[in-house]
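Two complexes, one shared chain (chain A), two partners (chain B, chain C).
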Partner chain A sequence: MLDKILNSKIWATLFKGYGFLFLGFLYLPLGLIFVYSFNANSINMAIWTEFTFDWYLTIFGGASSQSSFDAAFTESPDRIFEVVKHSVIVALSASTVSTVIGTATAIALARYHFVGKRFYQALLVLPMIVPDIVLGIALLIFFVGAGFKLSLLTIIIGHTTFLSSYVFVVVSARLAGMDTSLEQASADLGAGPITTFRRVTLPQIMPGVVGGFLLAFIISLDDVVITYFIAGVGSQTLPLFILAMMRRGLRPQINALAVLLLLFTFVIAAIGLYLRSRKS
Partner chain B sequence: MTSSDTILKRKRRSLILLLAPFTVMLSVFFLVPLGIMMVYSFLEPGLYGGVEWNWYPYNYGRIIGWPLNDYEEFEPIYLKIFLNSLQIAIMTVIGTFVICYPAAFWVSRMQGAKKNLALFMITLPFFANLLVRIYAWLLLLRPTGFFNTVLQSAGLIIEPLDLLFTNFSVIIGMVYILTPFMFLPIYANVEKLDYSMVRASQDLGANPLQTFRRVILPLTAPGIIGGSVIVFIPALGNFIVPSFLGGSKVQMTGNLIERSFLQSRDWPFGAALALLIMASVVVLVVFQLSRQAKAEARGVS
Partner chain C sequence: MSFLKIASAHKAYKTPEGGLIHALDDVSLDVRNNEFLTLLGPSGCGKTTLLKCIAGFEDIDSGEISFEEQSLKGVPAHRRPFNTVFQSYALFPHLSIANNVGYGLDVTGVAKGERNKRVEEALELVGLAGFGSREPKQLSGGQQQRVALARSLVLKPRVLLLDEPLSALDRKMRENMQIELKNLQHSVGITFVFVTHDQEEALAMSDRIAVVANGKVQQLAAPTEIYDEPANEFVANFVGTSNIFSGKVVAKDGALLTIETANQRQVLATSDRFGRGDHVELVLRPEHLKLAPSGNGIPESCIDGTVEASVFVGSDLHLHVDVGKGRTAIVHHRHNRGDDGERIEAGTSVKLYYSPNAAHLIKAIGR
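Moving on to the complex of A and B:
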């Protein structure tokens, strides 16, 4: 009876309708920012006046045709370029290092047996479970106590620590579905462990490694909470810059900046998700 | 030395080489900082920030409202804020569950490319910047925001409604940012749902409601519980959502931690609050792991 009900036309339509509501809930708020980012009305963004590119131009230092009141809120383009540069440096370094570390660890756990392996495995995913705020302040106390100057380096170290766990999980998933007979064949044919790794293992797990790298890159680029606690005066990143902008009041420039950031992360995420879903 | 000995030695050496970087990093930049934080929570706050190395249990005393001296009264304000945080986190779990459960059935009944597209669409917002997603709800809920403007121009209200700075607005923001965390575990379970069990229950005369309550719900429970745990954890410690959508009216423990570190510079008290969050998380994770282990043991026997 239930099966029939679930397969009936009414239920199928209801489910479909609900599905679109669900997707609407996920995307309409983001779509709203997109529409607002082209609205010339800076007094009330919810009322459409006319189409403009001004907000995109002003965040890169372009002159606004709008009132001088808006110009006063315009950030100098040098600031934007500086914080974007910081974010890219942090994200690239942290995701590169964590990809190497996470991959090495995933291979070790997939190919070797040792005492306490399960405990070690649980320890490795711990940084993903600990709430961001706890990790952030623990690192802040540690860095200040150990005499580190808060800078881009402390952010990179902080990010690398928890991103390695993410890469480890992604690469491990790839290794779990892998055929080990090729590695054995390579060893039987006289290839050393390094040659086997480079010529046999690495090409097979490559989609997982690249997927893990991209995931780490986006998480680092987007991270607010941990960075918030361990960034120094001269090491503001793009999310912290947006946070500071939001605290000063909602200006149309935030819409434009948000849209650019969304587009950039969605493209990278789409590539990463595609690579992860692809079969070998 | 035999050759098998050298192979064994070489194997052990490469294992150590592979594991060394993560082990060192995890110890120095994760376990040690957490340990130091724990120690800090028992130290006396310094007059101008920092700590005095004296045993000082009053950081925890303050949380439960214990007066430090004759000038203070018993005032469990921090405990109230923690309870409110628990309440918001639980409401967030319920909210994400109600939204995601039917959606998981919707996707699980799709086929091929359509299903992949739906999964992709649902996963993608997870990668949108946290601040941008909260910002979207500020635009929707504030007095001159989307909802109020639409309602006003439709003539339904005269004065804008107070949609922001309530427990409700904080919960909406949390549900919005944490939906993918609830959806994926539930979906993984619903996808595997054995419909022959559903049919069997009906053949044996159960009505749809009974079938749902006695068969479908228990079979998908692991996904629901898993999703609830990973939604609850980030919701409990969150301070970004309440600081924008809750304003000064809705305080969560995360806001208190942030303030004791960056404004009042009372680090030991902040550390004690962070440990309170951490303890709740540990309790939850241990509960979830032991439940999983039990389920696995039952599966084997």
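Moving on to the complex of A and C:
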């Protein structure tokens, strides 16, 4: 009886509708940003007037042809370029260093036995669950206490502390799935420890290492809370910059910037997924 | 000069509960040059552990492993002149077949031309010429096993260690590979130390068999000796089927002994190792028990019993015979074409005859 109702056409349609509603709930806001980034109305973003590419153009230093265009509503391309550069430098450095640290730690914990290993393992995942705001404050206190001047370097160090955990987790998962007899086989065939690492271990865990790097990169790129505490004057990153712009009102240029950031992140995620599907 | 020698090797593993597992308990073994030696034993008896200690993946706690009189203590796996064929094959999934086989040559810096030539030869040797550009996962289990073999053989090791390399194959394939492996060992002239828990495989392939149980070598001998003259009850039961009766030697006439067992009054056996008053275990193989006397004049022993069950297995008829006091003897009665009138029903009384030469005596433990 119940089966019949559940299998009927109406129910199928309703379920489908529910599915779409849910997807809409997830993606409509993103869609709106995308649509409004092409809206010419600079006074009230929510009212559609006409289609324009201007907001994108102004990001890259182009001039606006819009009648409603007001220079006070946009940021200079130089400024945008600078914060983007900061973000990329931070994300690249922090994720590179984290990848090295996280991978090395994962290998050490997977292959060697020592006292307090379990404890160390728990300690390594902790930064992932510590609230960002606490970590941010703690880092700030640390940097100030240690006499660091807040700069891009402090952001990089700060990001590295928790990004290493992410890389560690991703690489550990990969290592756990790796057959240890492969390394024994390599040694058996005459390869020393370094050759074995280079020729067998590394190729085997490479998808994990790359995946960990990309994950760290994305997280670093859009981190606001922690960066907020440890960024100094002149070391503003893109997310902080957008946040600051928002304080002066919702600007159409923000939409355009957000869409670009979104696209960039998608590309990186897509690369990660592609590599993952290819290797396993 | 001794070749590969293991002397009083001990190896214990700690369990998570804090106990100790003695995986190797005073193992001494002399492996001869060019022989096919099999380590045979039940699961968990320490075969893999011994192989790992020889290969250098594990260290022994005490004792010594030496090769051509040189101790291997502290010599890492990659410097030992042995190669291993892993139970799981352990082929490198990210390398082609040719690069898998060439791996050992690559890491030891063999020149490109020579390397390629030897890889091709090795693949040919195992019947996989032309498979070089494939990936491991594109091969069947049997083919992967041969790649693993080629990968080790290409380095011309002094000793090849094989850990149950045939266990993943189906029966037919396994039998083929047994013959191939044996022939290969003969033609390349490399010492094989082969691990298996399959007694038929061990009997079929080996020059000598070391029967291992509970971390100890129970017997080290040629296959026929292992089968005909098992050193103890464990070997008698593990290799083939045995009927074992305890008894005491009550009379001796030359080599002919009369033994009084708990079940039967008196039975015969020949042995020059025991005398009057000795407590012995009498081992009788099922195929040596006959349902009729041979009638060739040799004095034969005879045991009375009642058939409990008979199982036809094709070549033989297996009889389970109650010989008194709850003891059951297993008899393999040869089946000849057309003798189906001879099917023996449960409850039939039978007499089991055997020649005293067929009986093997071992010393009873604890007497």
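Note that in this section the second predicted complex is superposed on the first by the 253 of 280 C-alpha atoms of A that agree within 3 Å, B and C clash if a C-alpha of one lies under 4 Å from a C-alpha of the other, contacts with A are read in each partner's own complex, and residues count from 1 in each chain.
The rule is short, and it goes like this: contacts are C-beta pairs under 8 Å (C-beta built on N, C-alpha and C of every residue); 3 or more make two chains touch, one makes a residue touch a chain.
The structure presented is a predicted model; accordingly, all values stated were derived computationally and were not measured.
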After superposition on the shared chain, which partner residues are touched by A:Ser181: those of chain B (first), chain C (second), both, or neither? second
State whether A:Lys149 touches chain B only (first), chain C only (second), both chains, or neither. neither
Looking at chain A, which partner touches more of its residues: chain C or chain B? B
Just checking: does A:Lys117 make contact with chain B only, chain C only, both, or neither of them? Give me first, second, both or neither. neither
According to the stated criteria, A:Leu189 is in contact with first (chain B), second (chain C), both, or neither; which is it? second
Figure out whether A:Ala258 sits in contact with chain B (first) or chain C (second), or with both, or with neither. first
Quick check on the superposed pair: does A:Gln204 touch chain B, chain C, both, or neither? Answer first, second, both or neither. second
With the two structures laid over each other on chain A, which partner does A:Leu23 touch: chain B (first), chain C (second), both, or neither? first
Have a look at where A:Arg79 lands relative to chain B and chain C in the superposition and call it first, second, both or neither. neither
Mind listing the chain B positions that touch chain A in their complex? 10-11, 14-15, 17-19, 21-22, 25-26, 29-30, 32-34, 36-37, 40, 99, 102-103, 105-107, 109, 116, 118, 120-133, 135-140, 142, 144-146, 148-150, 176, 179, 195, 198-199, 201-202, 207-208, 211-212, 233-234, 236-240, 244, 254, 257-258, 261-262, 267, 270-271, 274, 277-278, 281, 285
Flag every residue of chain A that touches chain B in the complex, lowest number first. 1-3, 5-6, 15-16, 18-19, 22-23, 25-27, 29-30, 32-33, 36, 44-47, 100-102, 104-105, 107-108, 112, 114, 120, 123-124, 126-127, 129-135, 137-142, 145, 157-158, 160-162, 164, 168, 193, 218, 222, 224-225, 229, 239, 242-243, 246, 250, 254, 258, 261-262, 265-266, 268-270, 273, 277
In the complex, chain C residues that touch chain A: 55-57, 76-79, 82-84, 86, 88, 90, 92-94, 103-104, 107-108, 151-152, 155
Once bound in the complex, which stretches of chain A touch chain C? 179, 181-182, 184-192, 195, 199-200, 203-204
